[in-house]
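Two complexes are shown next, each including chain A; its partner changes from chain B in the first to chain C in the second.
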Partner chain A sequence: MVRTMNFDFIEYLPPLLVGAGLTIVICTASGILGSILGIVFGTAKASPSRIARWVSSLYVNFIRGVPILIILLFTYFALPLIVPSLTLDRGATAVVALSIYSGAYMAEIMRGGIQAVPKGQSEAATALGLNYFTSLIWVVMPQALKMAVPPGIGFLIALVKASSLVSVIGFVDLTRAGRIVTTINQEPLTTFLVVALLYFIISFPISLFGSWAERKLA
Partner chain B sequence: MTLYFGDIFPYLPIMLEALWVSIYVTALSFVVGSFLGLFIYLARASRFRALRWFGRGYVEVIRNTPLLVQLYLIYFGLGQVGINFNPLWSVLIGMSLNNAAYTAEIFRAGINAVPNGLREAGRALGMRYDQTFRHVVLMPGIRNVLPALTNQFIILFLFSSIGSVISLDELTAVLENLNSQTLRTFEIFTIGALLYFLTSAAIAYGARAIEKVAFKW
Partner chain C sequence: MIISVEGLHKKYGQLEVLKGIDCTVTQSEVLCIIGPSGSGKSTFLRCLNFLETFNVGTVTICGHDLTKSKTNLNLVRRDVGMVFQSFNVFPHKTVIENIMLAPMKVTKVSKAEARTRGMALLEKVGLTDKADVYPRTLSGGQMQRVAIARALAMEPKVMLFDEPTSALDPETVGEVLGVMKKLAEEGMTMVVVTHEMGFAREVSDRVMFMDGGVVVEEGTPAELFGAPQHERTKAFLSKMI
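Moving on to the complex of A and B:
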């Protein structure tokens, strides 16, 4: 059946805005946790220890070769069967899965940042008598983090978009809110255009901030 | 609970068949999308302000909204105005349009990375504009661009799993079906994750091998 588009949308806007808020919340949480994971595993991947490099490569390469949807379904359905204490609600599952996902990408960005710091810097630190960890924290890390910021912000946009998949395990984020609204108002075109617009409003400022940071820090 | 992979092996052919669906959907929309992406890039680089704005707008809108919402718009949304696509066509169209925005940016970065001096050198050697473009800008540009294109292909392959949400029978959808049939949840999703991982690793190695052969210079 063909119907015309109806933009008299005010009554459906509040649930979509709540969904958008929850999307922002889980993205912020998993962005922070993922950055911490990324710093740890990225440092390990650029470290002189063979075991640390091997373990972090395994994590980073495996996660980067698997769809976020599979990671989500695995965390939600399969993990609790092996570790019953990890039976999490949907929101926590979403944050855990998205953190594991973004950790791998952030680690790769962080490794790039560390390896882009000129060798002379850490050599100078060694010559001054700093050991590996002091030179890492006080000399290499500050410079590496600065280089990792623009691509890290770029990944945050990818994270916001990937977070739309938590709707599949039933978490009521912006996408799921849109699905629910369409079952009530029977207007998928209008509703998903509004959903897309809300994603754009979340994501576009991040990308503008990213290109600003790139100019500023480059 | 005990792990038992033996129940899963009879279903392996079904999984591989579904993996093939994922791969050809990805390959098809990558080819179509890259072709579209070339035109989006040309629009962004054109002399006409309107075309430049269209190219920029297209890239920003696609890159700042999730593929899942784009698929919902095509699959559910267009139905509202009487345009109905089946899941396969919706995924092909959605992934092609999505891929176009990303490849357009990759082409732009690759062509811009060719230094202006090279272009001027080509002109100084007496090459015509089109010769300079083909031999001096395009070939090094393609070489610059290949690793990024491979990366984009792998990302597109991984995101083809979203097709399952609008009931396209690719690998993820089949995994979910098998999960509810066998209830071997852990085993099913482990094997599924491995299939995705091995395929994307194979794509990465294959692309590197091709680069080595094709761009020896």
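Moving on to the complex of A and C:
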């Protein structure tokens, strides 16, 4: 018997929307935290301090070389064994793991942005008597952030999709909500189509924002 | 003596670009440095505010000894303004904000005070009508005049110019040289690396010819342009005219 599409879907939509909401929450939180980490480590990576460069390179290279799935599993199952007091719930684990992951990629994007600012800019600031941090904050950073927006937006879209992996630690995000719904309604075709559509509805506005920001900043 | 340089040596790895420069500049003097590309003249200028480090020698500028490790370079740079070949105006700030930035962030001048002073400087370089536009709408000559006003905002005692007109369209060179000439007439101490022989001849008190990392010859414009002593100077000047 061929299953037909079940359009009487209204009763299964609410759990999917809750999952979508949670996906938005963890992506927003880890996007913000990851950007902050990225700015800090990216600045360190482009700094004249050898120690700062070394520490941030270690972080960036290590995290980029490890699957995000392992970062998630490690944060959830292994971290409490090392630091017993640090028992995070599923949502917090998801945010911590995704932030650490995003931070590494955002750091590379920020470093690229800082290094793309012509050297003459910081030289002019230096010649005016601005110290390293004043020059960084008022002259280099505003220009670097501008250049980091397009690749940063691209990464955020990738983050939304990568966040579907948090279902492995049992966090009920959009993907896991979809799987739970299919076990009840036995309708994988419609359910996953709706899940896919919801992911698209979340990520497409980010692309739109990206093209708008790119035009605005150009 | 505002600037005093003794036995300045600078190496990039194995390549020695400055091979022992001695130089003094007195109050209100305008010194022009001329010479072929790669002669070390820009490197020398950049050593004067320590944008470039050096290996051997002493530089004393506005009473600061750059070789002493406890000298606060940021304090030195407040006294020494610099204008670059590539302007280096800040593209994310308006013209007036470019000028206000250093006084506000370095010497903690109030915003209103910085703006008043900035507008006075824009009047001096003839750009009051451009105060609130972004630099990308300006011509090269206008950008360079903004850069000069920005350097003057810190009320420097010395101004360094690193080929200020080399990146300009010929028709805007005059407006920048005009501003520089006015500055010289007001008594500003200036060191100018330039290829503008007309400016060097007309405005400077002394001209220094550099080649291969050494000062080949120096003198008044009349001496250097009228009766150059060295073959290398003669050869260079004959090519420039």
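What we mean here is this: the second predicted complex is superposed on the first by the 216 of 218 C-alpha atoms of A that agree within 3 Å, B and C clash if a C-alpha of one lies under 4 Å from a C-alpha of the other, contacts with A are read in each partner's own complex, and residues count from 1 in each chain.
By our rule, a residue touches a chain if its C-beta (ideal position, glycine included) is under 8 Å from a C-beta of that chain, and two chains touch if they have at least 3 such contacts.
Since the model is a prediction, treat every value here as computed from it, not as a measurement.
Visitor: Looking at the superposed three-chain arrangement on chain A, would you call chain B and chain C a clash or a fit?
Guide: Aligned on chain A, chain B and chain C fit with no clash.
Visitor: Given the touch rule stated above, what does A:69 touch, chain B (first), chain C (second), both, or neither?
Guide: The first partner, chain B, only.
Visitor: Vertex at chain A, arms to chain B and chain C: angle between C-alpha centres to the nearest 10°?
Guide: 100
Visitor: Using the touch definition from the top, say if A:195 reaches chain B (first), chain C (second), both or neither.
Guide: The first partner, chain B, only.
Visitor: Please indicate which partner A:143 is in contact with in the superposed arrangement: first for chain B, second for chain C, both, or neither.
Guide: So A:143 only meets chain C here.
Visitor: For A:124 in the superposed arrangement: first (chain B), second (chain C), both or neither?
Guide: Once the two structures are laid over each other on A, A:124 reaches chain C alone.
Visitor: Looking at chain A, does chain C or chain B touch more of its residues?
Guide: Chain A has more residues touched by B than by the other partner.
Visitor: Does the superposition put A:134 against chain B (first), chain C (second), both, or neither?
Guide: The second partner, chain C, only.
Visitor: Shortest C-alpha to C-alpha distance from chain B to chain C once the two structures are superposed, in angstrom?
Guide: Once the two complexes are overlaid, chain B and chain C approach no closer than 25 Å between C-alpha atoms.
Visitor: For the complex, give me every residue of chain A touching chain B.
Guide: My answer: residues 1-3, 5, 61-62, 64-71, 73-74, 77-78, 81-82, 157, 160-165, 167-168, 175, 178-179, 182, 187-193, 195-196, 199-200, 203-204, 207.
Visitor: Using the touch definition up top, name the residues of chain B that touch chain A in the complex.
Guide: Residues 1, 60-61, 63-70, 72-73, 76-82, 154, 158-162, 164-165, 172, 175-176, 179, 185-186, 188-190, 192-193, 196-198, 200-201.
Visitor: Give the list of chain A residues in touch with chain C in this complex.
Guide: 118, 120-121, 123-131, 134, 138-139, 142-143, 146
Visitor: For the complex, which residues does chain C have touching chain A?
Guide: Interface residues on the chain C side: 49, 51, 74-75, 77-78, 80-82, 84, 86, 88-92, 101-102, 105-106, 147, 150-151, 154.
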